[in-house]
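What follows is a pair of complexes built around chain A, which joins chain B in one and chain C in the other.
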Partner chain A sequence: MAKFITSRRTVLKGTGAGIAALSTPYFFSKGAWAQDFCNNPTGSTVTIGLNLPLTGTYAEEGADELKAYELAVKHLNGEGDGGLLNVLKPSALKGNGVLGKKVQFVTSDSQTLSDVARAGATRMIERDGAIMITGGSSSGEAIAVQSLCQELGVIFMAGLTHSNDTTGKDKRRYGFRHFFNAYQSGIAIAPVLKEAYGSDRRAYHLTADYTWGWTQEESIKAATEALGWETVATVRTPLGAADYSQYLTPVLNSGADVLILNHYGNDMVNSLTQAVQFGMRDRQANGKQFEVVVPLFSELMAKGAGESIKGIFGTSNWHWNLQDEGSQAFTKSFGAAYGSPPSQAAHTAYVQALLYADACERAGTFYPPEVIKALEGFEFDGMGNGKTLYRAEDHQCMKSVLVVRGNENPTSQFDVLDVVQEVGRDVTTYDPSIFGGELGDAEPVPTCS
Partner chain B sequence: MFEVIFLQFLNGLDKGSAYALIALGLTLVFGTLGVVNFAHGALFMLGAFCAVAFRYFLTLETVTVDPTKLSPWGQPVEVREPLVQAWFGDFGAWLVNYSVPVSLLVCIPVMLFVGIAMERGIIKHFYKRPHAEQILVTFGLAIVLGELVKAFFGPNPHPQPMPDTLRGAADIGSWLGMRAGVITYPWWRLVYFLFATAVIGAVFAFLQFTTFGMVVRAGMADRETVGILGINIDRRFTIMFGIAAIVAGMAGVMYTPLLPPNYTLGMDFLVISFVVVVVGGMGSLPGAIAAGFLLGILQSFASMTQVKAIIPGIDQIIIYLVAVVILLVRPRGLMGRRGVMEA
Partner chain C sequence: MTSFMSRKDFILFAGFTIVVLLLPILAAPFGAAYPDLLQRFMIYGIFAVGFNILFGLTGYLSFGHAAFFGVGSYAAMWSFKLLSINALPALIFAVIIAGLFALAIGYVSLRRSGIYFSILTLAFAQMSYNLAYSVLTPITNGETGLRMTLQDPRALDRLFFEASPGAPVPSIFGMSLSGWNGFYFTALFMIATFFLAMRINNSPFGMMLKGIKSNQNRMNYTGFNTRPYTLTAFVISGMLAGLAGALLVVTDPLAGAERMRWTASGEVVLMTILGGVGTLVGPVIGAMMIKYFENIFSSFNANVLNNFYSFLPDGVREVMVTISSKFVGEGWHLSLGLIFVLIVMFLPGGVMEGVRRIAASFNRRANGNKAEARVATAPAE
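Take a look at the complex of A and B:
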């Protein structure tokens, strides 16, 4: 009978070989080290959750975002003309879904209310199995949903949100914003205002009373005061106030010669229309022509405001008549599908959907921490805003910003904005530490029930 | 400072006009039929949508495709021709320009029909039921009407332009001998106040100086005795419900240039108008008018920066604060009859 002799070295070799053999399948399957995460897609499809304000103050933007997401899903699945898949550089997208899985979506109407948005996102994650949540047109919603997504370990690709807080004090590791912010609006618009209206002005702010309004007021106030403007008053108005007469009348005899409306969506349409009804654009104050400024507006709002918006300065994330290859490709795709050009809300929604899909392809997995790593510090081009960086420090896209003006002589119902200036990324980039906040950790990944 | 106070006073009259018009109908229905009609705000909203629908028909267009011109997204450009202008020329253009005031003519028969149908179809079955049940059924009705409008017109507001001649602001300061531009106020808001005053005056005159009105007032005071005299008071009260619906509808029509209507418009105004009725006194017509203007003016003054600096947020709660005080001190409201809704 042979004697079984073993040595310490043999045991170590054997153990090492055993471990290597057992784990071999995982070495060759990238990302498979953590299959147990929230809504890991196991079938032939992957579901994304669209959280959109289809009713409420920002309903117009929500409806346009929905169209954009539908288009993005088509393009990701290899249908239609491919849209921006053809011009995104670099791109790992193949037009066969994401990681070979066909993309489908579920929707929830957030009603432009933060609590409803949060409840809708919870439902789409827990009931519908959404791997990622995207959409929204209000910073209140974005911050609420982003925080929820961090808790549940689901990536949130924000839609239209302009508050500094979204990627500032309330930033989260699982939240990403392509849209620009109020601080960047201030940087972009200040020189244009100085050139148009001079540096001796007195401004009166009417501000929507929630996170976006507060940070926009703060940013525009800082930017205009740096020009030499004086701030006469800052007055908060409730979101969805509808009748602004009692807030507008004090402006008339306040000594101000500029009214700055920190309102968005229907609020802005109502406040601007009513300001014009009060004769503000026909007034003289302090020996100057009285002016109205709307720091953030979109083509949808410009259409709603009609005549009132003509000649008014503001900023925008993107506009459909930009001449770069990406903007033209997206406008063509969207216009052919829906018979009208896309809004800035639609653009940011579409881009976010593609960027998430591309990050999954580059990561080779849906595992959120790996997708987050793929998005952080990702530099891309071809999406309509020039070379863009998804900054790792705060998950804010650094890109160019548009200063726009209500078109005085529109040639069609869609020709409502003029791009006055495209302010480059080098100008709009700022130190991420100025707004504080902590991203938090990507791991351990919470598992949703 | 005088200018600021004067302008807020005008704002108060303007807001009060809408509150008073809705509250007038609300209290008219309560005074005649004894029903607390929570669907009354929905009638205001339906009136506003009469204006929206009328303008929609006036602005129908023929669409032809011009294959020689392409849009930026590569599709042939659509050329749109307004039908009304093509058919009626300058008169068509005038109709489109004055669509809001002209739609009052459409609103009156529509709202009369809606009001009578609502009363005969649903509300009459709840006359002898407790107020809580009346509130529940009418509140449900308001939700149904709102959702119907949402289904037809969508969730978004529908801006209605005012006639060109009434755009811009009146220089009231110069009328009072002050420097030009010191006190300016939008023309349409002045028109709305005058319109509200005329409608309120007409309703009071109708009740005061016509035989029909006299019978209705008698019925409001003592329904049974009027019935014993052989008068069909129920039929007259049904007509009064229709008239209340017309008043609410016309108020809604004329409000559309000030606030683009959507399906929630009725609910936005209903709560405040109900508070107005409670403050004025349930069933008291002069009370509803007085409380409407009083609360409108108080709300405007509470929005002044100087006032909010002392009590932040007062503009959002002033109406409800007044209601609480009135209910504590004088439960029947400012001009309510003793014993009505006091317990």
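Take a look at the complex of A and C:
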């Protein structure tokens, strides 16, 4: 083997090259210190990052959210029919972008996985210079990305996330949620369930095994037990399981007469369809008709579940068939662009984009702490959920919640849900301190590289 | 001074070090020069190099290395939560725990070889995944993943200073490890791992492992007890996987169960095969390729494609965008799969075999005349 001897000259040369190599990247990142906060937009455009599940269990919701964001960006830039820009009250939006800068977006496929969602969000912040991250269709993702955004000093406008933890135990100063949560679902659905099924029932829960499922199970359990229902068992199922037969078989002999499915997206479509195939909806148990309840569902899932969804109770954040001006305007411009009515995921995504833009206009800057102040305690109307408050204590929107039921006689393929009741904001408002958690501080703003 | 290293190795090592440190510049034309992705290059590079110590040298194909990766992640996160936000204790703790874990799994699995070994490791890894996902949720927080919170005790830190307000961020003796600092921190470990792999490759121990790969029976007949050697290799590669997992938590403080899934175990096998099994640099190249596809190709949407084809007339552009969009964005798996098939078919030795072939063809051209001359003057036997 050839041994080699280094001369002093080689060592010196090597050291010099090494130091140069080590320090080069600093020349490049120096510019980062010139800006006073992360991704301060200096050109004529401003970039927002869309973090969406385009594959995985919640892919369908993700695709619908993407359409909504594309529409929102168009409307913010003054293209199209303006959508909800015309009905938001109060509004500082001018339809010429945000603070005079044209809005553009970058996307990332989060695959319904927290790890991937974080990697995607980091990429959009570090490489693409996103000033704000929005989207997501799973609470696991939302919470993971929200804490990342707090670390990097970038505002996160959550898309579809229904776990109590998002604005409860895991709330963050930089994270905002327009969507309602499991606790509010519980408040809204309990009286309807009591009226329909009585107060002497035995419930069996199947729950998606992650933060959203856990908190929804807890909230629905508390709400139904307050009615006098008994909880027979709560069983956790892995997210994305395709076959639920092993979880459904024990339900038949458990003595339960209500099955509560804390599932969402494809999971819910699969578990509900299989439950119906097991003949659960034709059964009698304890001398009563056996019933299935899906506390959170959307028109996308209802469409996926087809016949099985008929007559099943659940809650929704919003429905395209609402008759107020805002809902009508959104349904009209979404339908004109994509040929189908928007889902509740699309609605919340669209509204979040507009609310962020509006907050920047009102703050007169993109500086996150000022935008946060503009959003906290902001009260607005016209977005389809009645008068809505962005609560300062936990960054949760306080607004009305819909109790819905699978339509028995749908007139079209989109007419799959009936709105049973609109539960007002005064009823669904709760004490923000019950979930604990801490928002943390907005300042000093972390500087991302 | 360099008596332990051949000149060829020194050049390889120095070249590798320079390329790694210059990555922020070299990766820029590919749109990959941002700290998060470069960190992932380094972290999965370490993971793949460690895996290659087992698979490349002994030929034992483990299908459960993601378990050690995940265990390293959880161990590091618990160190952040209980001890200190300093990265050093977290890394040490993670490597030790992953090593013990590898010792236990390796001790059982290595009683079998070939496909049975692969299945055993796969079974253990899937067991660990399910434990992390649903059984041990108090320790792992299940699907949601384990994160640091403001309320964590962090006993070591509290001995020396008061808790600072704001979200805790991993650091090394007060220096934050986010952004470019994180990249250089992981790069140092990548270089050290590469050095270690090179030393093992050239050592008598490495020769022994290669002997096991080419014919274990013959090794046994000559009187060697091979099991301690394979077990050592297994534990070393498990520890490196744990180190990689811990580094991922250091740069991105979230530990989730999904990184222990069997697809993650398969990914490291792909990385190694794509780059070149048994080579030193190959696994790193494979790791970079896969992570590049996952992070960059998946980010191409219709807008990006439209810009890319903007030089074409409208009709042609739409056709091109429609065709290409199947291979990028959420279709990135498709293009990765195609490349994998092509490489396995035409370059069974991975990218490194391609590099070798190109180098050989250059050498042949350069040495062509000399070689012919040598043939001509060779004395007849």
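Please note the rule applied: the second predicted complex is superposed on the first by the 414 of 449 C-alpha atoms of A that agree within 3 Å, B and C clash if a C-alpha of one lies under 4 Å from a C-alpha of the other, contacts with A are read in each partner's own complex, and residues count from 1 in each chain.
We take it that a residue touches a chain if its C-beta (ideal position, glycine included) is under 8 Å from a C-beta of that chain, and two chains touch if they have at least 3 such contacts.
Computed from a prediction, not measured in an experiment: that's the story for all the values here.
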Identify the partner contact of A:D243: answer first if only chain B is touched, second if only chain C is, both if each is, neither if none is. first
Chain A contact check, chain B vs chain C, more residues touched by chain C
Quick check on the superposed pair: does A:V269 touch chain B, chain C, both, or neither? Answer first, second, both or neither. first
Would you sort A:L54 into first (chain B), second (chain C), both or neither based on which partner it touches? both
May I ask you to decide whether A:E126 touches chain B, chain C, both, or neither, giving the answer as first, second, both or neither? second
Is A:R118 touching the first partner chain B, the second partner chain C, both, or neither of them? second
Under the contact definition given at the top, report the residues of chain A touching chain B in one complex and chain C in the other. 54-55, 238
Complex contact set, residues of chain A against chain C: 1-6, 14, 17-18, 21-22, 24-26, 28-29, 54-55, 106-109, 113-116, 118-120, 122-123, 126-127, 139-140, 143-144, 147-148, 150-152, 165, 170, 172, 209-211, 236, 238-239, 438, 440-441, 444, 446, 448-449
For a test of understanding, state which residues of chain C touch chain A in their complex under the given definition. 1-3, 6-8, 10, 14, 18, 21-22, 24-25, 31, 33-37, 40, 133-134, 142-145, 147, 150, 165-167, 169, 178-180, 184, 252-254, 256, 258-259, 294-295, 298-299, 301, 329-330
Touching chain A in the complex: which residues of chain B? 3-4, 7-8, 10-11, 14-15, 71-75, 77, 155-157, 159, 161, 167-169, 181-186, 188-189, 258-260, 268, 299-300, 303-305, 315-316
In the complex, chain A residues that touch chain B: 54-56, 59-60, 63, 233, 235, 238, 242-243, 245-247, 249-250, 252-253, 266, 269-270, 273-274, 277-279, 282-284, 304, 306, 320-321, 328, 331-336, 339, 341, 412
